[in-house]
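In the part that follows, the structures are each spelled out as structure tokens.
Common to both upcoming complexes is chain A, partnered first by chain B, then by chain C.
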Partner chain A sequence: MTAGYALCMALFLLGLYGVVTKRHLLKIAFGVFLIAGAAALFIALLGVSEGHVGSLWQALGLMVILGGLAIATVMIVTSVRLHQRCGSFDLDRIWKLRG
Partner chain B sequence: MQIAVEMVIGAAALAGIVALEARDLRTSLAALALAGIGLIVALFLLGAIEVGIATIMALPVVVGLVTWALRRTENKDATAGIRLDGNGLLMLAALLAFAALFLLVVIPLLGPDWLPGVPPQLDEGPSSVAIVREVLVLLAAGAAVWAMARTVGRRNR
Partner chain C sequence: MGISPLLFIAIPLGAAALVALLSRARERAGDVVASLASAALLALSLALVRRILDGETLSYDLASSSPLGLHLSIDGLSLLLLSIISLLTLMADLYAVSYMERYTSKPRYYVLRLLMATGLNGAVMGADLLNLYAGMEVACLSCYALVAFGMERDYLGASFRYQVFGALASLLIIVGIALVYRTAATLNLVELRGVVAQQGMSPVLLFSSVLFLTGFGIKAAYMPFHTWLPDAHSVAPTPVSALLSGIFIKVAGLYALARLFLSVFELTATLSMVLMVMGSVSLLVALLMALAQWDSKRLLAYSTISQMGYILLGLSIGTPLGILGALFHLVNHAVFKSLLFFNAGAVEAATGTRDMKELGGLNQRMPLTGATCTVASLSISGIPPFNGFWSKLLIILAAVQAGYPAFAAVAGLGSILALAVFLKLERYVFFGSLPQRLARVREAPLLMCVPMALLAALCLGIGLAFPFFIHNFLDPAKEVLSRLTLVR
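Our next item is the complex of A and B:
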């Protein structure tokens, strides 16, 4: 399952790439969701390496998925409010409009 | 089964790339939904049923919220693409350094057969990979201090 671990890490790094380099607020929220999904999958793979995905691994995975969902949800709603105020999802433009 | 899981995770990663790089936000959202479905399938194949069900519940929330957001705002991403100015290049370099560091730290934890000699034996001294890892940690710390100092300097100006 080592290729599975590597693919999980690739998915995690892809989400991180979205969070770090994207200027569009919704794309950043997409990146957060991808990071949470990759982390949950990684936890499930660690559980499988012990034979089966036990309740501890399931609880950890649930926490990661729901945490990612909460962050992405708040980000999306805040983005819409910012768009209504500033007219753009572009972080650079919103930053320039400040003050 | 193992191959199927790896293929599904690979497909989810490809869909993730499309989700982040597409200019049309509806295409981007569809790709994100596909990536989420891939994650759900992989979780069920691995036997993580509860996490899979949580993802099944989470995915429609994200897709519905983004659909609502797009209906109220705009569908095009004018900021798509990688900026190749100084800051953009610095960001990409920092991301690549982080990825290298992350892999070097995590790979030894996954098993001794991935990279021979990692972690080094105490009587052998540090291996070349361990030295690279230490140098990368120092470089990342230096870059973080430099970035913080630069931001504070700008704010003061």
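Our next item is the complex of A and C:
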């Protein structure tokens, strides 16, 4: 159980590191997916810790997985479109917008 | 007369499907269907006002035994927000009929817009945290797509930034919800209030309230979580900007904060102070940043952050007067900020630029846009008799009454700065000399003028008839929130 929570924390920190430090669109998106994974794992662990996994826990788990899937799709599509427009995945090069 | 809360979800969802189906045969079907759906929702919510005033709460349970049961309820606060959502979407739909011509595939805009309304309505009617979250997610996902609607670099870049922030916020919130469920064994807002009142705030609940504060704080764009907003709100197509600033961030962020911290968790003195400081910082700093902008829609986006600061300040004072002022300002801001975005969009559509340095003297060429923009500017700066004056006054009075003269002074100073910001907008866009290049500019088309005129009339109307408005719409909403606020 403790190992599970440690894994959760590790995934979260790794994801946060990716989101904060990387400038490559897909790497940032991947960071978000890692955090979504950490959240799903955390909810699963919390549910299991209750003994029997009730229906609302299943709903919560389903919600975070579906939400993660949806945002993953949207982020990848946006990144690919940006790549088509600007020929680059690099945020700095794309972000010649106003700060 | 039976009005089921389910209608508020079924109508926009059905309309979205209908637009998607009809758009192949008839390109213009979306214009009619979307506006009709919004008008129907507005009529429904107005029809409910009397029943809510009588103290009734409408509720609806679908499949309460299955894991994904749908629990909806409409009380005073939900009804207030439902009415504003319907009103603003109706205005935005009318505006979009001519404005969205510049974008390809207009029907898709309507489909996404209707899905956004479905999500927002679902969120404000959600009787438990899971339904609230699900509605908010639906609305957010359609919003990401709406911000990226232009499909050019600016749109996609702003949307990507928004997606990163939005996704992180959603994950923080769902983890918070899981922690609440683990501790309290219920997600129903009313039951949760009972549990919290009985057991007090345990450390786990405190931790989850920090998660909620951050998550919903990002969605509501409070400083220091605001960085996604100026891009997203300024590049989005104008009807979308108006909806985003007018209602979206309020429902996705502020509404949930208000529900949770005022009527479920206890608003402790520390929490109240944290929220007040967050509100005041957003209020002042965002105005200073707005003052430095030359892009008209970006200026409005920063001003949105500061107006959200006012609302949070009023709510977190926690007294009935403060809550009333905050809710009043929420409505007023929805009205005048969407009007200002419509004005900026009309100017952009006519002149092809949002850069205020290239504009000027447009009062001569676009009298209606100029006049309505003046009304909205006076409103947002808190000049009597327009609606913004009364709500700001209430918030300042509440701060003084509760013994926070410093926060009252901040709110007053904010009003003066707002006046400076909007004088700048007026001066550089509508007054001064008309550049040669703009000599042949024409007034916006009729369908763009109608919503602007209606919203301007509403600014004045609410300002003049504020006792009527407070009694019918705001008091029931205030009751919901002040039922369990702190006793000082």
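As a convention for this text, the second predicted complex is superposed on the first by the 96 of 99 C-alpha atoms of A that agree within 3 Å, B and C clash if a C-alpha of one lies under 4 Å from a C-alpha of the other, contacts with A are read in each partner's own complex, and residues count from 1 in each chain.
Everything that follows uses one rule, which is that contacts are C-beta pairs under 8 Å (C-beta built on N, C-alpha and C of every residue); 3 or more make two chains touch, one makes a residue touch a chain.
Quantities reported herein were computed from a predicted structural model and do not represent experimental measurements.
*Asks:* Evaluate whether chain B and chain C can sit on chain A together after superposition, giving fit or clash.
*Replies:* On the superposed model, which is not a single observed complex, chain B and chain C fit side by side.
*Asks:* Kindly classify A:Ser79 by the partners it touches after superposition: chain B alone (first), chain C alone (second), both, or neither?
*Replies:* both
*Asks:* Report for A:Glu50: first if it touches chain B alone, second if chain C alone, otherwise both or neither.
*Replies:* Touch partner of A:Glu50: chain C, not chain B.
*Asks:* Who does A:Leu69 touch here: chain B (first), chain C (second), both, or neither?
*Replies:* Once the two structures are laid over each other on A, A:Leu69 reaches chain B alone.
*Asks:* Quick check on the superposed pair: does A:Ala10 touch chain B, chain C, both, or neither? Answer first, second, both or neither.
*Replies:* The answer is first: A:Ala10 touches chain B but not chain C.
*Asks:* More residues of chain A in touch with chain C or with chain B?
*Replies:* The larger set of chain A residues in touch belongs to B.
*Asks:* Counting only touches as set out at the top, which of chain B and chain C does A:Gly18 meet: first, second, both, neither?
*Replies:* A:Gly18: touches chain B, not chain C.
*Asks:* Between chain B and chain C, whom does A:Gln58 touch in the aligned arrangement: first, second, both, or neither?
*Replies:* Both partners.
*Asks:* Have a look at where A:Ile94 lands relative to chain B and chain C in the superposition and call it first, second, both or neither.
*Replies:* second
*Asks:* With the two structures laid over each other on chain A, which partner does A:Ile35 touch: chain B (first), chain C (second), both, or neither?
*Replies:* Second partner only, chain C.
*Asks:* I want to verify one number: the closest Cα approach of chain B to chain C after the superposition, in Å.
*Replies:* 5
*Asks:* Would you mind listing the overlap between the chain B footprint and the chain C footprint on chain A?
*Replies:* 43, 47, 57-58, 62, 68, 79
*Asks:* Which residues of chain B touch chain A once you look at their complex with the stated criterion?
*Replies:* 2, 5-6, 9-10, 12-13, 16-17, 19-20, 25, 28, 32, 35-36, 39, 42-43, 46-51, 54-55, 58, 61-62, 65-66, 68-69, 72-74, 77-80, 82, 88, 91-92, 94-95, 98-99, 102-103, 106, 110-111, 114
*Asks:* In the complex, go through chain A and note every residue touching chain C.
*Replies:* By the definition above, chain A touches chain C via 19, 25, 28, 32, 35-36, 39, 42-43, 46-47, 49-50, 55-60, 62-64, 67-68, 70-71, 74-75, 78-79, 81-82, 85-86, 94-95, 97-98.
*Asks:* Of all residues in chain C, which touch chain A in the complex?
*Replies:* 66-68, 130, 133-134, 137, 141, 144-145, 148, 151-154, 156-160, 163-164, 166-168, 170-171, 174-175, 177-179, 181-182, 187, 231, 295, 298
*Asks:* List the residues on chain A that touch chain B in their complex, please.
*Replies:* Of all residues in chain A, those touching chain B are 1-5, 7-11, 13-18, 20-24, 26-27, 29-31, 33-34, 37, 40-41, 43-45, 47-48, 52-53, 57-58, 61-62, 65-66, 68-69, 72-73, 76-77, 79-80, 83-84, 89-90, 92.
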